[in-house]
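One chain, chain A, links the two complexes that follow: it is found with chain B in the first and with chain C in the second.
Up next is the complex of A and B:
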(Lines of atoms letter the chains of each structure in order from A and count residues from 1; the text may use other names and numbers.)
(Lines give C-alpha, C1' and ligand atoms only; values in the text may rest on other atoms or scores of the structure.)
Protein backbone atom coordinates (compact mmCIF):
# COMPACT_ATOMS: atom_id res chain seq x y z
CA UNK A 1 0.00 0.00 0.00
CA UNK A 2 1.13 3.53 -0.69
CA UNK A 3 1.09 5.75 2.37
CA UNK A 4 0.27 9.44 2.18
CA UNK A 5 3.54 10.92 3.44
CA UNK A 6 4.51 12.21 0.00
CA UNK A 7 1.11 13.66 -0.90
CA UNK A 8 0.83 17.43 -1.09
CA UNK A 9 -1.22 18.20 2.02
CA UNK A 10 -0.95 14.78 3.69
CA UNK A 11 -4.69 14.40 3.31
CA UNK A 12 -6.58 13.17 0.28
CA UNK A 13 -9.43 15.59 0.76
CA UNK A 14 -7.11 18.57 1.06
CA UNK A 15 -5.21 17.51 -2.07
CA UNK A 16 -8.47 17.02 -3.91
CA UNK A 17 -9.60 20.54 -2.98
CA UNK A 18 -6.25 22.12 -3.89
CA UNK A 19 -6.28 20.33 -7.24
CA UNK A 20 -9.61 21.97 -8.00
CA UNK A 21 -8.75 25.46 -6.79
CA UNK A 22 -5.47 25.50 -8.70
CA UNK A 23 -7.28 24.14 -11.78
CA UNK A 24 -9.58 27.17 -11.77
CA UNK A 25 -6.60 29.52 -11.47
CA UNK A 26 -4.81 27.78 -14.33
CA UNK A 27 -7.92 27.85 -16.51
CA UNK A 28 -8.40 31.57 -15.91
CA UNK A 29 -4.75 32.36 -16.65
CA UNK A 30 -4.81 30.25 -19.82
CA UNK A 31 -7.84 32.14 -21.11
CA UNK A 32 -6.25 35.48 -20.20
CA UNK A 33 -2.97 34.85 -22.03
CA UNK A 34 -4.43 33.09 -25.06
CA UNK A 35 -7.17 35.73 -25.22
CA UNK A 36 -4.61 38.51 -25.09
CA UNK A 37 -2.47 36.95 -27.81
CA UNK A 38 -5.44 36.32 -30.10
CA UNK A 39 -6.84 39.82 -29.69
CA UNK A 40 -3.40 41.41 -30.18
CA UNK A 41 -2.06 40.35 -33.55
CA UNK A 42 1.29 41.86 -34.59
CA UNK A 43 2.33 42.06 -30.98
CA UNK A 44 5.38 44.19 -30.30
CA UNK A 45 7.94 43.92 -27.54
CA UNK A 46 6.77 47.23 -26.05
CA UNK A 47 3.17 46.00 -25.81
CA UNK A 48 4.15 42.61 -24.43
CA UNK A 49 6.57 43.84 -21.80
CA UNK A 50 4.11 46.60 -20.93
CA UNK A 51 1.47 43.94 -20.35
CA UNK A 52 3.78 42.03 -17.99
CA UNK A 53 4.68 45.31 -16.35
CA UNK A 54 1.20 45.65 -14.83
CA UNK A 55 1.26 44.67 -11.19
CA UNK A 56 -1.91 42.63 -11.50
CA UNK A 57 -0.47 40.59 -14.38
CA UNK A 58 2.68 39.90 -12.35
CA UNK A 59 0.70 38.91 -9.28
CA UNK A 60 -1.60 36.70 -11.34
CA UNK A 61 1.44 35.12 -13.01
CA UNK A 62 2.98 34.41 -9.62
CA UNK A 63 -0.24 32.85 -8.41
CA UNK A 64 -0.29 30.75 -11.57
CA UNK A 65 3.29 29.58 -11.04
CA UNK A 66 2.53 28.48 -7.50
CA UNK A 67 -0.66 26.84 -8.72
CA UNK A 68 1.26 24.93 -11.38
CA UNK A 69 3.59 23.69 -8.66
CA UNK A 70 0.79 22.46 -6.42
CA UNK A 71 -1.43 21.21 -9.27
CA UNK A 72 1.28 19.19 -10.94
CA UNK A 73 2.65 17.88 -7.66
CA UNK A 74 -0.74 16.48 -6.74
CA UNK A 75 -1.38 15.32 -10.30
CA UNK A 76 1.94 13.58 -10.80
CA UNK A 77 1.73 12.12 -7.30
CA UNK A 78 -1.53 10.47 -8.34
CA UNK A 79 -0.03 9.20 -11.55
CA UNK A 80 3.08 7.86 -9.84
CA UNK A 81 1.20 6.14 -7.02
CA UNK A 82 -1.08 4.53 -9.60
CA UNK A 83 1.62 3.06 -11.78
CA UNK A 84 4.89 2.85 -9.88
CA UNK A 85 4.46 0.28 -7.16
CA UNK A 86 8.09 0.02 -6.18
CA UNK A 87 8.83 2.55 -3.43
CA UNK A 88 12.40 3.42 -4.42
CA UNK A 89 11.55 3.99 -8.05
CA UNK A 90 8.50 6.05 -7.16
CA UNK A 91 10.58 8.14 -4.82
CA UNK A 92 13.09 8.86 -7.57
CA UNK A 93 10.30 9.79 -10.00
CA UNK A 94 8.74 12.14 -7.46
CA UNK A 95 12.11 13.66 -6.65
CA UNK A 96 12.76 14.41 -10.33
CA UNK A 97 9.29 15.91 -10.76
CA UNK A 98 9.66 17.91 -7.55
CA UNK A 99 12.98 19.34 -8.66
CA UNK A 100 11.60 20.31 -12.05
CA UNK A 101 8.61 21.99 -10.38
CA UNK A 102 10.92 23.96 -8.16
CA UNK A 103 12.97 25.02 -11.17
CA UNK A 104 9.81 26.17 -12.97
CA UNK A 105 8.72 28.27 -10.01
CA UNK A 106 12.11 29.93 -9.46
CA UNK A 107 12.68 30.45 -13.19
CA UNK A 108 9.21 31.92 -13.56
CA UNK A 109 9.64 34.32 -10.68
CA UNK A 110 12.92 35.46 -12.18
CA UNK A 111 11.28 36.06 -15.56
CA UNK A 112 8.21 37.84 -14.24
CA UNK A 113 9.71 39.89 -11.42
CA UNK A 114 13.22 40.36 -12.71
CA UNK A 115 12.28 42.73 -15.51
CA UNK B 1 -14.55 -13.25 -2.94
CA UNK B 2 -14.94 -16.27 -5.16
CA UNK B 3 -11.43 -16.86 -6.46
CA UNK B 4 -12.61 -18.94 -9.38
CA UNK B 5 -14.21 -16.07 -11.26
CA UNK B 6 -12.37 -15.35 -14.47
CA UNK B 7 -10.37 -12.14 -14.34
CA UNK B 8 -9.22 -10.20 -17.37
CA UNK B 9 -6.96 -7.23 -16.81
CA UNK B 10 -5.38 -7.26 -20.25
CA UNK B 11 -5.98 -3.69 -21.44
CA UNK B 12 -5.45 -4.59 -25.07
CA UNK B 13 -8.44 -6.93 -25.05
CA UNK B 14 -10.83 -4.63 -23.18
CA UNK B 15 -13.01 -2.31 -25.18
CA UNK B 16 -12.57 1.14 -23.67
CA UNK B 17 -15.79 3.12 -23.35
CA UNK B 18 -15.59 6.78 -24.41
CA UNK B 19 -15.44 8.14 -20.83
CA UNK B 20 -12.38 5.94 -20.25
CA UNK B 21 -10.71 7.38 -23.32
CA UNK B 22 -11.48 10.95 -22.35
CA UNK B 23 -10.17 10.23 -18.85
CA UNK B 24 -6.86 8.69 -19.89
CA UNK B 25 -6.30 11.52 -22.37
CA UNK B 26 -6.78 13.98 -19.53
CA UNK B 27 -4.02 12.19 -17.67
CA UNK B 28 -1.72 11.95 -20.69
CA UNK B 29 -2.17 15.64 -21.53
CA UNK B 30 -1.56 16.59 -17.89
CA UNK B 31 1.81 14.83 -17.88
CA UNK B 32 2.65 16.19 -21.35
CA UNK B 33 1.91 19.74 -20.21
CA UNK B 34 4.18 19.37 -17.24
CA UNK B 35 7.06 18.29 -19.47
CA UNK B 36 6.12 20.85 -22.14
CA UNK B 37 6.31 23.66 -19.62
CA UNK B 38 10.04 23.75 -20.37
CA UNK B 39 9.23 25.14 -23.82
CA UNK B 40 6.57 27.54 -22.58
CA UNK B 41 8.89 28.88 -19.90
CA UNK B 42 11.73 29.22 -22.37
CA UNK B 43 9.54 31.14 -24.82
CA UNK B 44 8.24 33.40 -22.07
CA UNK B 45 11.75 34.04 -20.82
CA UNK B 46 13.01 34.91 -24.30
CA UNK B 47 10.00 37.07 -25.05
CA UNK B 48 10.56 39.22 -21.98
CA UNK B 49 14.34 39.39 -21.69
CA UNK B 50 14.98 42.06 -24.31
CA UNK B 51 13.72 43.43 -27.59
CA UNK B 52 16.26 41.37 -29.56
CA UNK B 53 15.37 38.13 -27.87
CA UNK B 54 11.67 38.97 -28.32
CA UNK B 55 12.22 39.46 -32.04
CA UNK B 56 14.26 36.32 -32.37
CA UNK B 57 11.71 34.12 -30.56
CA UNK B 58 8.85 35.60 -32.60
CA UNK B 59 10.82 34.97 -35.78
CA UNK B 60 11.31 31.38 -34.65
CA UNK B 61 7.58 31.07 -34.01
CA UNK B 62 6.86 32.42 -37.46
CA UNK B 63 9.37 30.40 -39.45
CA UNK B 64 10.30 27.20 -37.69
CA UNK B 65 8.04 24.27 -38.48
CA UNK B 66 9.35 22.42 -35.46
CA UNK B 67 8.60 25.29 -33.08
CA UNK B 68 5.09 25.54 -34.50
CA UNK B 69 4.59 21.83 -34.07
CA UNK B 70 5.55 22.06 -30.41
CA UNK B 71 3.32 25.10 -29.86
CA UNK B 72 0.40 23.42 -31.58
CA UNK B 73 0.91 20.19 -29.65
CA UNK B 74 1.03 22.01 -26.34
CA UNK B 75 -1.99 24.18 -27.14
CA UNK B 76 -3.93 21.09 -28.16
CA UNK B 77 -2.95 19.35 -24.94
CA UNK B 78 -3.74 22.44 -22.87
CA UNK B 79 -7.20 22.94 -24.34
CA UNK B 80 -8.06 19.28 -24.16
CA UNK B 81 -6.89 19.14 -20.55
CA UNK B 82 -8.89 22.27 -19.81
CA UNK B 83 -12.11 20.91 -21.40
CA UNK B 84 -11.72 17.54 -19.69
CA UNK B 85 -10.89 19.37 -16.46
CA UNK B 86 -14.13 21.33 -16.66
CA UNK B 87 -16.01 18.09 -17.34
CA UNK B 88 -14.29 16.62 -14.29
CA UNK B 89 -15.30 19.57 -12.13
CA UNK B 90 -18.92 19.38 -13.33
CA UNK B 91 -18.98 15.71 -12.44
CA UNK B 92 -17.54 16.52 -9.02
CA UNK B 93 -20.63 18.65 -8.54
CA UNK B 94 -22.79 15.71 -9.50
CA UNK B 95 -23.68 16.57 -13.08
CA UNK B 96 -23.45 14.13 -16.00
CA UNK B 97 -22.79 11.12 -13.82
CA UNK B 98 -25.43 8.85 -15.34
CA UNK B 99 -24.57 6.34 -18.04
CA UNK B 100 -26.13 8.33 -20.83
CA UNK B 101 -25.19 11.85 -19.72
CA UNK B 102 -21.68 10.67 -18.83
CA UNK B 103 -21.30 9.24 -22.29
CA UNK B 104 -22.55 12.46 -23.83
CA UNK B 105 -20.18 14.55 -21.69
CA UNK B 106 -17.25 12.43 -22.84
CA UNK B 107 -18.34 12.88 -26.45
CA UNK B 108 -18.65 16.64 -26.06
CA UNK B 109 -15.24 16.83 -24.36
CA UNK B 110 -13.50 14.83 -27.08
CA UNK B 111 -15.25 16.80 -29.82
CA UNK B 112 -14.32 20.11 -28.18
CA UNK B 113 -10.74 18.87 -27.95
CA UNK B 114 -10.67 18.18 -31.70
CA UNK B 115 -12.25 21.54 -32.52
CA UNK B 116 -9.80 23.46 -30.34
CA UNK B 117 -6.93 21.48 -31.81
CA UNK B 118 -7.97 22.52 -35.32
CA UNK B 119 -8.47 26.15 -34.28
CA UNK B 120 -5.07 26.23 -32.61
CA UNK B 121 -3.52 24.70 -35.71
CA UNK B 122 -5.01 27.48 -37.84
CA UNK B 123 -3.82 30.08 -35.37
CA UNK B 124 -0.27 28.76 -35.17
CA UNK B 125 0.18 28.32 -38.94
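Up next is the complex of A and C:
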Protein backbone atom coordinates (compact mmCIF):
# COMPACT_ATOMS: atom_id res chain seq x y z
CA UNK A 1 0.00 0.00 0.00
CA UNK A 2 1.19 3.46 -0.86
CA UNK A 3 1.51 5.64 2.19
CA UNK A 4 0.71 9.32 2.03
CA UNK A 5 1.22 11.05 5.36
CA UNK A 6 0.17 14.48 4.17
CA UNK A 7 -3.17 13.43 2.69
CA UNK A 8 -6.34 14.42 4.53
CA UNK A 9 -7.51 11.12 5.94
CA UNK A 10 -4.66 8.88 4.76
CA UNK A 11 -7.21 6.54 3.21
CA UNK A 12 -8.16 7.09 -0.40
CA UNK A 13 -11.72 6.06 0.29
CA UNK A 14 -12.01 8.46 3.23
CA UNK A 15 -10.64 11.39 1.21
CA UNK A 16 -12.91 10.50 -1.69
CA UNK A 17 -15.99 10.36 0.51
CA UNK A 18 -15.06 13.59 2.30
CA UNK A 19 -14.68 15.28 -1.07
CA UNK A 20 -18.21 14.19 -2.03
CA UNK A 21 -19.88 15.04 1.29
CA UNK A 22 -18.25 18.46 1.54
CA UNK A 23 -19.29 19.14 -2.06
CA UNK A 24 -22.91 18.46 -1.12
CA UNK A 25 -22.64 20.82 1.87
CA UNK A 26 -21.13 23.54 -0.33
CA UNK A 27 -23.87 23.11 -2.93
CA UNK A 28 -26.61 23.23 -0.29
CA UNK A 29 -25.16 26.37 1.27
CA UNK A 30 -24.87 28.06 -2.10
CA UNK A 31 -28.54 27.27 -2.76
CA UNK A 32 -29.50 28.69 0.63
CA UNK A 33 -27.66 31.98 0.14
CA UNK A 34 -28.77 32.42 -3.48
CA UNK A 35 -32.33 31.51 -2.49
CA UNK A 36 -32.26 34.03 0.35
CA UNK A 37 -30.93 36.77 -1.93
CA UNK A 38 -33.60 36.09 -4.54
CA UNK A 39 -36.47 36.02 -2.03
CA UNK A 40 -35.20 39.16 -0.29
CA UNK A 41 -34.81 41.70 -3.12
CA UNK A 42 -34.40 44.89 -1.08
CA UNK A 43 -31.91 43.54 1.37
CA UNK A 44 -30.91 45.87 4.19
CA UNK A 45 -27.98 45.52 6.53
CA UNK A 46 -30.34 44.85 9.44
CA UNK A 47 -32.01 41.97 7.59
CA UNK A 48 -28.69 40.50 6.51
CA UNK A 49 -27.25 40.65 10.00
CA UNK A 50 -30.53 39.35 11.41
CA UNK A 51 -30.33 36.39 9.06
CA UNK A 52 -26.89 35.55 10.35
CA UNK A 53 -28.19 36.02 13.89
CA UNK A 54 -30.08 32.72 13.63
CA UNK A 55 -28.12 29.97 15.28
CA UNK A 56 -28.91 27.48 12.52
CA UNK A 57 -27.53 29.84 9.87
CA UNK A 58 -24.37 30.26 11.91
CA UNK A 59 -23.99 26.52 12.43
CA UNK A 60 -24.60 25.90 8.74
CA UNK A 61 -22.09 28.62 7.83
CA UNK A 62 -19.50 27.08 10.13
CA UNK A 63 -20.11 23.65 8.64
CA UNK A 64 -19.67 25.17 5.18
CA UNK A 65 -16.47 26.89 6.23
CA UNK A 66 -15.01 23.64 7.55
CA UNK A 67 -16.17 21.90 4.38
CA UNK A 68 -14.38 24.47 2.21
CA UNK A 69 -11.25 23.84 4.27
CA UNK A 70 -11.40 20.06 3.90
CA UNK A 71 -12.52 20.18 0.26
CA UNK A 72 -9.76 22.51 -0.85
CA UNK A 73 -7.15 20.68 1.20
CA UNK A 74 -7.95 17.37 -0.47
CA UNK A 75 -8.11 19.01 -3.89
CA UNK A 76 -4.89 20.99 -3.58
CA UNK A 77 -3.11 18.01 -2.05
CA UNK A 78 -4.03 15.98 -5.12
CA UNK A 79 -2.93 18.74 -7.46
CA UNK A 80 0.38 19.10 -5.65
CA UNK A 81 1.09 15.35 -5.70
CA UNK A 82 0.28 15.28 -9.41
CA UNK A 83 2.31 18.23 -10.61
CA UNK A 84 5.01 19.11 -8.08
CA UNK A 85 7.64 16.42 -8.40
CA UNK A 86 10.27 17.93 -6.13
CA UNK A 87 9.61 16.83 -2.55
CA UNK A 88 10.86 20.02 -0.84
CA UNK A 89 8.84 22.28 -3.07
CA UNK A 90 5.75 20.12 -2.67
CA UNK A 91 6.08 20.21 1.08
CA UNK A 92 6.40 24.00 1.08
CA UNK A 93 3.32 24.29 -1.16
CA UNK A 94 1.32 22.00 1.11
CA UNK A 95 2.48 23.87 4.21
CA UNK A 96 1.44 27.21 2.70
CA UNK A 97 -1.96 25.80 1.69
CA UNK A 98 -2.46 24.24 5.12
CA UNK A 99 -1.59 27.46 6.93
CA UNK A 100 -3.81 29.54 4.67
CA UNK A 101 -6.70 27.15 5.19
CA UNK A 102 -6.26 27.29 8.95
CA UNK A 103 -6.11 31.09 8.94
CA UNK A 104 -9.24 31.35 6.81
CA UNK A 105 -11.18 28.93 9.01
CA UNK A 106 -10.27 30.74 12.24
CA UNK A 107 -10.90 34.13 10.68
CA UNK A 108 -14.20 32.89 9.25
CA UNK A 109 -15.33 31.66 12.67
CA UNK A 110 -14.55 35.09 14.06
CA UNK A 111 -16.63 36.75 11.35
CA UNK A 112 -19.60 34.39 11.61
CA UNK A 113 -19.84 34.33 15.38
CA UNK A 114 -18.89 37.98 15.69
CA UNK A 115 -16.25 37.24 18.32
CA UNK B 1 1.11 5.78 -57.04
CA UNK B 2 -0.77 6.79 -53.93
CA UNK B 3 1.77 8.32 -51.62
CA UNK B 4 0.99 8.60 -47.92
CA UNK B 5 2.93 11.14 -45.93
CA UNK B 6 4.24 9.51 -42.74
CA UNK B 7 5.94 11.25 -39.87
CA UNK B 8 7.57 8.82 -37.48
CA UNK B 9 9.25 9.34 -34.12
CA UNK B 10 12.90 8.37 -34.15
CA UNK B 11 15.29 8.08 -31.27
CA UNK B 12 18.36 5.96 -30.86
CA UNK B 13 20.01 6.83 -27.55
CA UNK B 14 23.34 5.49 -28.81
CA UNK B 15 23.60 7.92 -31.70
CA UNK B 16 20.99 10.68 -31.23
CA UNK B 17 21.20 13.54 -28.77
CA UNK B 18 17.46 14.07 -28.91
CA UNK B 19 14.41 12.46 -30.49
CA UNK B 20 13.19 13.81 -33.83
CA UNK B 21 10.38 13.20 -36.32
CA UNK B 22 11.41 11.57 -39.59
CA UNK B 23 9.36 12.42 -42.67
CA UNK B 24 8.82 9.53 -45.08
CA UNK B 25 6.55 8.65 -47.98
CA UNK B 26 4.90 5.31 -48.54
CA UNK B 27 3.11 3.96 -51.58
CA UNK B 28 -0.07 2.38 -50.28
CA UNK B 29 -1.31 1.46 -53.76
CA UNK B 30 -4.60 3.04 -52.76
CA UNK B 31 -5.38 0.18 -50.39
CA UNK B 32 -6.74 0.63 -46.90
CA UNK B 33 -3.71 -0.88 -45.17
CA UNK B 34 -3.28 -1.36 -41.47
CA UNK B 35 -0.83 0.97 -39.77
CA UNK B 36 1.42 -2.02 -39.09
CA UNK B 37 1.65 -2.71 -42.86
CA UNK B 38 2.78 0.87 -43.34
CA UNK B 39 5.44 0.37 -40.68
CA UNK B 40 6.77 -2.65 -42.56
CA UNK B 41 6.88 -0.61 -45.77
CA UNK B 42 8.81 2.08 -43.88
CA UNK B 43 11.23 -0.53 -42.59
CA UNK B 44 11.93 -1.60 -46.17
CA UNK B 45 13.04 1.96 -46.86
CA UNK B 46 14.97 2.39 -43.64
CA UNK B 47 15.87 -0.83 -41.86
CA UNK B 48 17.05 1.04 -38.76
CA UNK B 49 13.44 1.80 -37.78
CA UNK B 50 12.49 -0.21 -34.69
CA UNK B 51 9.05 -1.24 -33.46
CA UNK B 52 7.48 -4.20 -31.67
CA UNK B 53 4.96 -6.55 -33.20
CA UNK B 54 4.09 -10.20 -33.09
CA UNK B 55 0.61 -11.55 -33.76
CA UNK B 56 -0.51 -8.88 -36.30
CA UNK B 57 -4.13 -9.51 -35.30
CA UNK B 58 -4.76 -7.59 -32.10
CA UNK B 59 -4.10 -10.45 -29.72
CA UNK B 60 -0.59 -10.10 -28.32
CA UNK B 61 -0.72 -6.42 -27.41
CA UNK B 62 2.84 -5.66 -28.45
CA UNK B 63 2.32 -2.92 -31.03
CA UNK B 64 0.51 -0.33 -28.97
CA UNK B 65 1.55 3.13 -30.14
CA UNK B 66 0.28 6.66 -30.58
CA UNK B 67 -1.34 6.92 -34.01
CA UNK B 68 -2.28 10.43 -35.14
CA UNK B 69 -2.59 11.44 -31.51
CA UNK B 70 -4.57 8.46 -30.27
CA UNK B 71 -3.23 5.28 -28.72
CA UNK B 72 -4.07 2.06 -30.51
CA UNK B 73 -2.75 -1.20 -31.93
CA UNK B 74 -1.02 -0.64 -35.26
CA UNK B 75 -2.00 -4.08 -36.56
CA UNK B 76 -5.75 -3.55 -36.33
CA UNK B 77 -5.93 0.17 -37.07
CA UNK B 78 -6.85 0.72 -40.74
CA UNK B 79 -5.56 3.90 -42.36
CA UNK B 80 -9.14 4.93 -43.14
CA UNK B 81 -9.78 5.23 -39.41
CA UNK B 82 -6.82 7.39 -38.51
CA UNK B 83 -5.30 9.23 -41.48
CA UNK B 84 -6.22 12.88 -41.85
CA UNK B 85 -5.19 15.01 -44.83
CA UNK B 86 -3.18 12.07 -46.16
CA UNK B 87 -0.90 12.28 -43.13
CA UNK B 88 0.03 9.64 -40.58
CA UNK B 89 1.93 10.56 -37.42
CA UNK B 90 3.40 7.72 -35.38
CA UNK B 91 4.81 8.16 -31.91
CA UNK B 92 5.60 5.77 -29.05
CA UNK B 93 3.05 5.33 -26.25
CA UNK B 94 3.17 8.54 -24.22
CA UNK B 95 4.51 8.71 -20.68
CA UNK B 96 6.82 5.70 -20.69
CA UNK B 97 10.59 5.89 -21.21
CA UNK B 98 11.60 5.32 -24.84
CA UNK B 99 14.11 2.55 -25.46
CA UNK B 100 14.40 3.21 -29.17
CA UNK B 101 12.07 4.67 -31.83
CA UNK B 102 8.58 3.26 -31.14
CA UNK B 103 9.72 0.82 -28.46
CA UNK B 104 8.99 1.87 -24.88
CA UNK B 105 10.11 0.48 -21.56
CA UNK B 106 6.99 -1.11 -20.02
CA UNK B 107 8.55 -1.85 -16.60
CA UNK B 108 6.40 0.67 -14.71
CA UNK B 109 3.28 -0.65 -16.38
CA UNK B 110 4.05 -4.27 -15.50
CA UNK B 111 5.05 -3.33 -11.96
CA UNK B 112 1.55 -1.97 -11.39
CA UNK B 113 0.09 -5.15 -12.86
CA UNK B 114 2.26 -7.22 -10.52
CA UNK B 115 0.99 -5.24 -7.51
CA UNK B 116 -2.61 -6.36 -7.95
CA UNK B 117 -1.56 -10.04 -7.74
CA UNK B 118 -2.93 -11.16 -11.11
CA UNK B 119 -3.63 -14.76 -10.16
CA UNK B 120 -6.32 -16.63 -8.26
CA UNK B 121 -5.81 -16.83 -4.53
CA UNK B 122 -7.76 -19.57 -2.80
CA UNK B 123 -6.76 -21.12 0.51
CA UNK B 124 -9.47 -23.74 0.62
CA UNK B 125 -8.42 -27.32 -0.20
CA UNK B 126 -8.24 -27.92 -3.92
CA UNK B 127 -11.07 -30.07 -5.28
CA UNK B 128 -10.28 -33.31 -7.10
CA UNK B 129 -10.75 -31.91 -10.60
CA UNK B 130 -11.40 -28.17 -10.79
CA UNK B 131 -13.06 -25.26 -9.05
CA UNK B 132 -16.46 -24.90 -10.62
CA UNK B 133 -18.27 -21.72 -11.49
CA UNK B 134 -21.89 -21.24 -12.41
CA UNK B 135 -22.55 -19.65 -15.82
CA UNK B 136 -23.70 -16.50 -13.97
CA UNK B 137 -20.47 -16.33 -11.97
CA UNK B 138 -18.45 -16.82 -15.10
CA UNK B 139 -20.37 -14.07 -16.85
CA UNK B 140 -19.07 -11.55 -14.33
CA UNK B 141 -15.62 -11.90 -15.87
CA UNK B 142 -16.78 -10.83 -19.31
CA UNK B 143 -15.38 -7.48 -20.30
CA UNK B 144 -12.47 -8.04 -17.92
CA UNK B 145 -10.55 -11.15 -18.91
CA UNK B 146 -10.18 -9.99 -22.53
CA UNK B 147 -7.52 -7.39 -21.65
CA UNK B 148 -4.29 -8.04 -23.56
CA UNK B 149 -2.11 -5.67 -21.49
CA UNK B 150 -1.26 -3.50 -24.45
CA UNK B 151 -0.94 -0.42 -22.20
CA UNK B 152 -2.86 1.80 -24.61
CA UNK B 153 -5.19 2.83 -21.80
CA UNK B 154 -2.72 3.45 -18.98
CA UNK B 155 -0.45 5.52 -21.21
CA UNK B 156 -3.43 7.66 -22.25
CA UNK B 157 -4.33 8.38 -18.63
CA UNK B 158 -3.05 11.68 -17.18
CA UNK B 159 -3.21 10.28 -13.65
CA UNK B 160 -0.85 7.49 -14.75
CA UNK B 161 1.49 9.99 -16.43
CA UNK B 162 1.86 11.97 -13.20
CA UNK B 163 2.13 9.03 -10.80
CA UNK B 164 3.11 5.88 -12.71
CA UNK B 165 4.76 4.50 -9.58
CA UNK B 166 1.75 4.93 -7.28
CA UNK B 167 -1.42 4.89 -9.37
CA UNK B 168 -2.22 1.36 -10.60
CA UNK B 169 -3.67 2.72 -13.82
CA UNK B 170 -6.73 1.62 -15.80
CA UNK B 171 -5.23 -1.63 -17.11
CA UNK B 172 -4.06 -2.85 -13.69
CA UNK B 173 -7.34 -1.81 -12.08
CA UNK B 174 -9.39 -3.63 -14.69
CA UNK B 175 -7.38 -6.72 -13.82
CA UNK B 176 -7.71 -6.03 -10.10
CA UNK B 177 -11.47 -6.07 -10.53
CA UNK B 178 -11.24 -9.21 -12.66
CA UNK B 179 -9.92 -11.06 -9.58
CA UNK B 180 -12.19 -9.26 -7.12
CA UNK B 181 -15.16 -10.38 -9.20
CA UNK B 182 -14.01 -13.99 -9.52
CA UNK B 183 -16.13 -16.35 -7.41
CA UNK B 184 -13.14 -18.70 -7.03
CA UNK B 185 -10.93 -16.09 -5.41
CA UNK B 186 -11.03 -15.86 -1.61
CA UNK B 187 -8.65 -12.94 -1.07
CA UNK B 188 -11.19 -10.16 -1.67
CA UNK B 189 -10.54 -8.52 1.70
CA UNK B 190 -6.76 -8.39 1.37
CA UNK B 191 -7.05 -7.24 -2.22
CA UNK B 192 -9.33 -4.36 -1.24
CA UNK B 193 -7.16 -3.43 1.74
CA UNK B 194 -4.20 -3.00 -0.59
CA UNK B 195 -6.13 -0.60 -2.79
CA UNK B 196 -7.47 1.72 -0.11
CA UNK B 197 -4.70 4.34 -0.20
CA UNK B 198 -5.03 7.80 -1.79
CA UNK B 199 -3.22 6.76 -4.99
CA UNK B 200 -3.78 3.17 -6.18
CA UNK B 201 -7.45 3.56 -7.13
CA UNK B 202 -8.43 7.06 -6.08
CA UNK B 203 -6.17 8.91 -8.49
CA UNK B 204 -8.69 8.02 -11.15
CA UNK B 205 -10.74 11.12 -11.83
CA UNK B 206 -13.04 9.52 -14.35
CA UNK B 207 -11.61 11.26 -17.39
CA UNK B 208 -12.33 8.12 -19.43
CA UNK B 209 -9.37 8.44 -21.79
CA UNK B 210 -8.87 4.74 -21.11
CA UNK B 211 -12.31 3.78 -22.42
CA UNK B 212 -11.78 6.01 -25.41
CA UNK B 213 -8.64 4.18 -26.59
CA UNK B 214 -8.99 0.53 -25.54
CA UNK B 215 -8.60 -1.49 -28.76
CA UNK B 216 -10.54 -4.37 -27.22
CA UNK B 217 -13.49 -2.13 -26.38
CA UNK B 218 -13.16 -2.65 -22.63
CA UNK B 219 -14.28 -0.22 -19.96
CA UNK B 220 -11.71 0.27 -17.17
CA UNK B 221 -13.61 3.27 -15.74
CA UNK B 222 -16.60 1.06 -15.03
CA UNK B 223 -14.39 -1.53 -13.32
CA UNK B 224 -12.79 1.21 -11.23
CA UNK B 225 -16.27 2.37 -10.19
CA UNK B 226 -17.07 -1.18 -9.09
CA UNK B 227 -13.88 -1.37 -7.01
CA UNK B 228 -14.83 1.91 -5.37
CA UNK B 229 -18.26 0.55 -4.55
CA UNK B 230 -16.73 -2.59 -3.06
CA UNK B 231 -14.39 -0.48 -0.92
CA UNK B 232 -17.34 1.61 0.21
CA UNK B 233 -19.44 -1.44 1.06
CA UNK B 234 -16.63 -2.98 3.03
CA UNK B 235 -15.95 0.22 4.98
CA UNK B 236 -19.50 1.22 5.93
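Here is the rule we go by: the second predicted complex is superposed on the first by the 111 of 115 C-alpha atoms of A that agree within 3 Å, B and C clash if a C-alpha of one lies under 4 Å from a C-alpha of the other, contacts with A are read in each partner's own complex, and residues count from 1 in each chain.
The criterion applied here is as follows: a contact is a pair of C-beta atoms (placed from the backbone, for glycine too) under 8 Å apart; a residue touches a chain by one contact, two chains touch by 3 or more.
As the structure is a computational prediction, the values presented were derived from the model and not from experiment.
Under the clash rule set out above, the superposition-derived model of chain A with chain B and chain C contains a clash between the two partners. Looking at the shared chain after the overlay, A:68 reaches chain B, while chain C stays out of its contact range.
In the overlay built on the shared chain, the residue A:38 is in contact with chain B alone; chain C does not reach it. In the superposition on chain A, A:107 makes contact with chain B only, while chain C stays out of contact range. More chain A residues lie in contact with B than with the other chain of the pair chain B and chain C. When the two structures are aligned on the shared chain, A:97 is found in touch with chain B, with no touch to chain C.
By the touch criterion stated above, A:52 is placed in contact with chain B alone, chain C being left untouched.
Judged by the touch definition given at the top, the superposed model places A:12 against chain C, while chain B stays out of reach.
Chain C makes touch with chain A in their complex at residues 159, 162-163, 166, 193-203, 228, 231-232, 235.
The part of chain A that touches chain C in the complex is made up of residues 1-4, 7, 10-13, 15-17, 78, 81-83.
By the touch rule above, chain A contacts chain B in their complex via residues 20, 23-24, 27, 30, 34, 38, 43, 45, 48-49, 52, 68, 72, 75-76, 79, 97, 100, 104, 107-108, 111-112, 115.
On chain B, the positions that touch chain A within their shared complex are 27, 30-31, 34, 37, 41, 44-45, 47-51, 54-55, 58, 75, 78, 82, 85-86, 89, 92, 123.
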